[in-house]
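As written, the chain order gives the labels A, B, C and D, with residue 1 at the start of each chain.
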Amino acid sequence: MNTFGENIKITVFGQSHAEAIGVTIDGLPSGTEIDGQYVQRLLDLRAPGRSDVSTKRKEPDKVEFISGVIDGKTCGTSVCAVIKNTDMHSKDYSNLLHKPRPSHADYPAMVKYGENYDIRGGGQFSGRLTAPICIAGAVALGILEKKGVKIASHIYSVGSVSDTPFDTLSDEEWLMEKLCGMDFAVIDEKKGEEMRGVIKSAAENLDSVGGVIECKITGLEAGTGSPMFDGLENVISRAVFGVPAVKGIEFGAGFEGAKMYGSEFNDAYYFDGSGKVRTKTNNAGGICGGMATGMPVIFRAAIKPTPSIARAQETVDLEKGENTVLEIKGRHDPCIVPRANAVIRAAAAIAVLDAIYSE
Amino acid sequence: MNTFGENIKITVFGQSHAEAIGVTIDGLPSGTEIDGQYVQRLLDLRAPGRSDVSTKRKEPDKVEFISGVIDGKTCGTSVCAVIKNTDMHSKDYSNLLHKPRPSHADYPAMVKYGENYDIRGGGQFSGRLTAPICIAGAVALGILEKKGVKIASHIYSVGSVSDTPFDTLSDEEWLMEKLCGMDFAVIDEKKGEEMRGVIKSAAENLDSVGGVIECKITGLEAGTGSPMFDGLENVISRAVFGVPAVKGIEFGAGFEGAKMYGSEFNDAYYFDGSGKVRTKTNNAGGICGGMATGMPVIFRAAIKPTPSIARAQETVDLEKGENTVLEIKGRHDPCIVPRANAVIRAAAAIAVLDAIYSE
Amino acid sequence: MNTFGENIKITVFGQSHAEAIGVTIDGLPSGTEIDGQYVQRLLDLRAPGRSDVSTKRKEPDKVEFISGVIDGKTCGTSVCAVIKNTDMHSKDYSNLLHKPRPSHADYPAMVKYGENYDIRGGGQFSGRLTAPICIAGAVALGILEKKGVKIASHIYSVGSVSDTPFDTLSDEEWLMEKLCGMDFAVIDEKKGEEMRGVIKSAAENLDSVGGVIECKITGLEAGTGSPMFDGLENVISRAVFGVPAVKGIEFGAGFEGAKMYGSEFNDAYYFDGSGKVRTKTNNAGGICGGMATGMPVIFRAAIKPTPSIARAQETVDLEKGENTVLEIKGRHDPCIVPRANAVIRAAAAIAVLDAIYSE
Amino acid sequence: MNTFGENIKITVFGQSHAEAIGVTIDGLPSGTEIDGQYVQRLLDLRAPGRSDVSTKRKEPDKVEFISGVIDGKTCGTSVCAVIKNTDMHSKDYSNLLHKPRPSHADYPAMVKYGENYDIRGGGQFSGRLTAPICIAGAVALGILEKKGVKIASHIYSVGSVSDTPFDTLSDEEWLMEKLCGMDFAVIDEKKGEEMRGVIKSAAENLDSVGGVIECKITGLEAGTGSPMFDGLENVISRAVFGVPAVKGIEFGAGFEGAKMYGSEFNDAYYFDGSGKVRTKTNNAGGICGGMATGMPVIFRAAIKPTPSIARAQETVDLEKGENTVLEIKGRHDPCIVPRANAVIRAAAAIAVLDAIYSE
């Protein structure tokens, strides 16, 4: 199933080399504004070929809203948006068809779908399918902004180089806004330079490298979210693991918090000057019992290294039934983290909007 | 919503001080064996008062299957199981009603539900509600075992003391079975002793401590799981975050993997002696593209320190509108990790069964 | 699946001879008032043995809310209500086990569930399972009343004797209220007497008889309902066919309307004196495009004759593989319509509440 | 919500004058054959302008599968199919915007969506949206055929003229196949001529006329379907009421059955010569307890007269707040039944496939 959401239902469709990829969004209230240019800008941040550390491959992903929108507003029925695939090389994939690429979805997909798997470009498991997530996410971000909810994210780390983390206690609006417009979104530009160095060096070594993306959500009213299986952590994690390459997620102090004592971890409440309830620390990452506390929500997602590397790799030939060596051709991002940054934000937006609509 | 699952639908009900807590399980095939004693054993592992590092509080949680089961087998309709609450002290909670306990669900719950929030014992956010998760999980574990799928978990760490991790490449059946029967489930007993020391010392300091639980799932056929939003990582994480106190989850190399290069991270395929496809490493944690690779699935869940500690804590008095200090009475586990170990296994089982039923 | 609803999720559980039957209701806003006596009254209207045309069998169906309700209000988690089964005779059902009763669910249930089918009393297909529908329906009716939505129903016909139909243009509040309290709910008492005669005469002939129930819903705001698959007709029909014995449903002019010309059928709009838009006729039954028009919603449900009759009936012996004759013992209603009247109202209420919560 | 199904999820999108209309189908097993020509043929049966009793308006509805299908087979991800709208006149709809057409969805849609309602051509409530239902239905029909399940339907009545009904006891394969290819699908051609006469005469009178469609489903294994809310009657009725203009549905003897005695209605079981269990009558319409009995499933759907008629009709001017008279221009079918015949078959197929996939 490629469907997400209880209150809005998002169905992503397409494969890397299908005629088109896209998304239907069911359940948006009529009159919801959809700004095509805003959507396109988020798509552009995800697009390849925009920085010196990205693949040179170009994908002019132009979004078209083919139904559900009239004069920039939803009319009450489901919205469908598509991106036509233009760059479908008639490249020969028969080579790959029996030699699964390590750490790609190929092997389980071959077992699951057999000869029906559309191996071309990774089929439905291609990173290209994060473009429809961005479309739906941008629509959600637009709605959330009107409700006073802001979402920003940055490259928290690449390899062993870490950026300055978000401040968990304040809103940092200017910073959040700035990050949302950056191709290589970091808080500390110097650390950003170091990260680029790590990525370029990996590329030179015919290698790739992973990283972590940190995401911050402000403006959620205390109490947003549902108990047990539909808490904010549940729905955000479900959406974020929909982004290929994510291997972990943590909220607030996360795994570090598991080493702490209660007296350190517990976030003491106090009234601030304006009569608002706040916490002195935010180890909870803005979520208790699945519900927003009113403090910024903070999570981090671990992104594995790009699985496609130019080095020869050991794999199996499923047809011949023997071990073999595979070389993957083509232009691939040595680090997917800078482009995934926009996608994580989009996935978070989809989850948060669904949670808000359940209130 | 307290409902989980697409193919089986699990609805947990109850609050800490309701007449009963329980669960309905809809969608089980008729003729599914349900072994009440097996279910009770998992509940017992979760029960308090079983070890020298647990609260002395007793909760004789006896499960009753009140519908859907006849002669130990499902008859095709939804199963309902309940645990009657017996230990409901007529304690005065009016004290707590306006003073949210730090890092509990109290504050957002008070905002969300207002005076309707059943504050007694933490209401629907109480750790007691993990008992119904254990019931559903034990039912799922029984079904999975018959399908050759095994799930075990252990205390990976308490504070800064770590156990030996699972072997990610082999099945270790004997070890998995052993862990499933242990009250304080560790692989390395010496480390277990150290952990107990950390917990006792925290208790003496009127404090609590967090930890990490590692879970291993074997026997999943390659290809199990669905793309994008219903992959194994998506559904397992959604279920596991249903357990209060979980603040992070990572699969395989997880956050460590985000620091790696592709050439290190990628799991090379090979045919083993018996003609089975295996990987030489298992940084993927047995999951690629949301689907099982056929290697053991490994994940770790970060558990925050028990929020209830005996020390005085700063909080707010929502009625008086002023800052105040709160002392929490009662007997609480200084570390929830040993008891949560059974619950994480149960939550994983629910998610995996739902994924298998979607095949 | 025994689960209904998108915005509230209702899971019915139990079999005729299970320890208990009941229902969980997930998704109710916290603070929703639940009046146990109101619920009990609807259950009582459904109970057998209340009139001279009903079976003398007694089922003292007492509802208990075991979770989710505190001081008569929901506390934000799922509500669970149960009815304990008290009248479980240790009667021998082995006789029935291979001889499906005509027009009961036995035969398909035996094929579907095999030996796991809980044949005792009809298992999960028993009319007893309409009691949990009444519980959920009574909760829904209580909520709807507070929103100004009223639902009433009456016995439209028994055999060939018909009651006066509802007025489709006015609210008839006093009549609706009166019908809601009647054991044998008819508008025209004389016709009611005739109906009783038909039922008694059927009983004397060791036979049973069917009928039609008409239901009226007032107070729905124009626009309530969703397009296509979640329109009012879709969700009401899905719920109403959940009541065993229903074989047809029609809205407004229904099947008669299919014989009409557009110039007769079309409901002309006009402004009434108070500036409200109304229609001069109501052949649409208050629904256009799946949405309420603001006029009373009217539907009728066809109820088949009680399948259990005292006459010998032809059937098969599935064990012996031969044709045989079956005699059904026990006390059965010669006409289920009077008791089903409360259940149809309850089912409609569940559907309407779910539709309203989607707005 | 425009989404249908538990096991396959169908989301219809589009409005009459959107750039495109279409459907996504999520949950189809990989390797499912999709025959584009078969789909197109069903669409053609639904298309206007094909007979002497249909509107002369042409809609060259060409289906394109833009994702999920490769070499005529599904590849495991969701399928998206679209029909581009070509015939979008820049006609002025501002006239209609405040004058709801009687018995159309206009009035409740205006209240619900306000100025966001895409009134052009009826927006999302247009009969055009039955084309995507036909696409999904044709895909389902193709899958069902391979499973031995056949679905056919015919015009049971137009106005007061009735066709010969289906034989409820035999399969009539040749007849079912013949009907599936007919533009004006009737069993008795003479009655068909009479029906055409009624339709032409209505057209001459600037009027329209309703009718009934009967549908037959063979090859369902006994036991198919689920108890209570997901029985065959529940899911078929939910899907069929998704077709605009349907105002009633009945299974088997339906409303006539409600007049019968149990001794007449009950369908006696017997073993036929080949050892198969059959019933001597089929008043149940092949369904008991929501499950297939193995006999043909029979249902009838009541279709109201086309609401658009050329006569002047009374309505309101919502802007001016006064009563007014409306004349609807354009070419409309005087009877929608012949074209709806293919759509009812499609809707039934979607529901039946979803039920089969739940087994």
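Odds and ends about this structure:
FYI, a contact is a pair of C-beta atoms (placed from the backbone, for glycine too) under 8 Å apart; a residue touches a chain by one contact, two chains touch by 3 or more.
Everything numeric in this text was worked out from a predicted model, so none of it was measured.
The interface at A-D recurs elsewhere; of B-D, C-D or B-C, the pair that shares more than half of its residue-numbered contact pairs is B-C. Among the other chains, B has the CA centre that is most remote from the centre of subunit D. The mean-CA centres of subunit A and subunit B are about 26 angstrom from one another, to the nearest whole unit.
Centre-to-centre separation between subunit A and subunit C, using Cα means, comes to 47 Å. Subunit B and subunit C have Cα centroids lying 40 Å from one another. The multi-chain contact residues of subunit A, meaning those touching 2 or more other chains, are 1-3, 6, 12, 76-77, 109, 112-113, 124, 227. Here subunit B touches subunit A in the complex through residues 1-4, 6, 12, 100, 102-109, 111-113, 124-125, 129, 157, 159-160, 202, 205, 207-212, 221-231, 233-235, 237-239, 241-242, 244, 246-255, 257-271, 275, 277, 279-280, 283-285, 288-294, 300, 302-309, 311, 313-316, 318, 321-323, 358, going by the rule given at the top. Those residues of subunit D whose C-beta lies close enough to touch subunit A in the complex are 1-3, 9, 11-15, 18-22, 24, 26-27, 30-31, 64-68, 70, 73-80, 82, 109, 112-118, 123-124. Residue ranges of subunit C in contact with subunit A, taken from their complex: 6, 76-77, 227.
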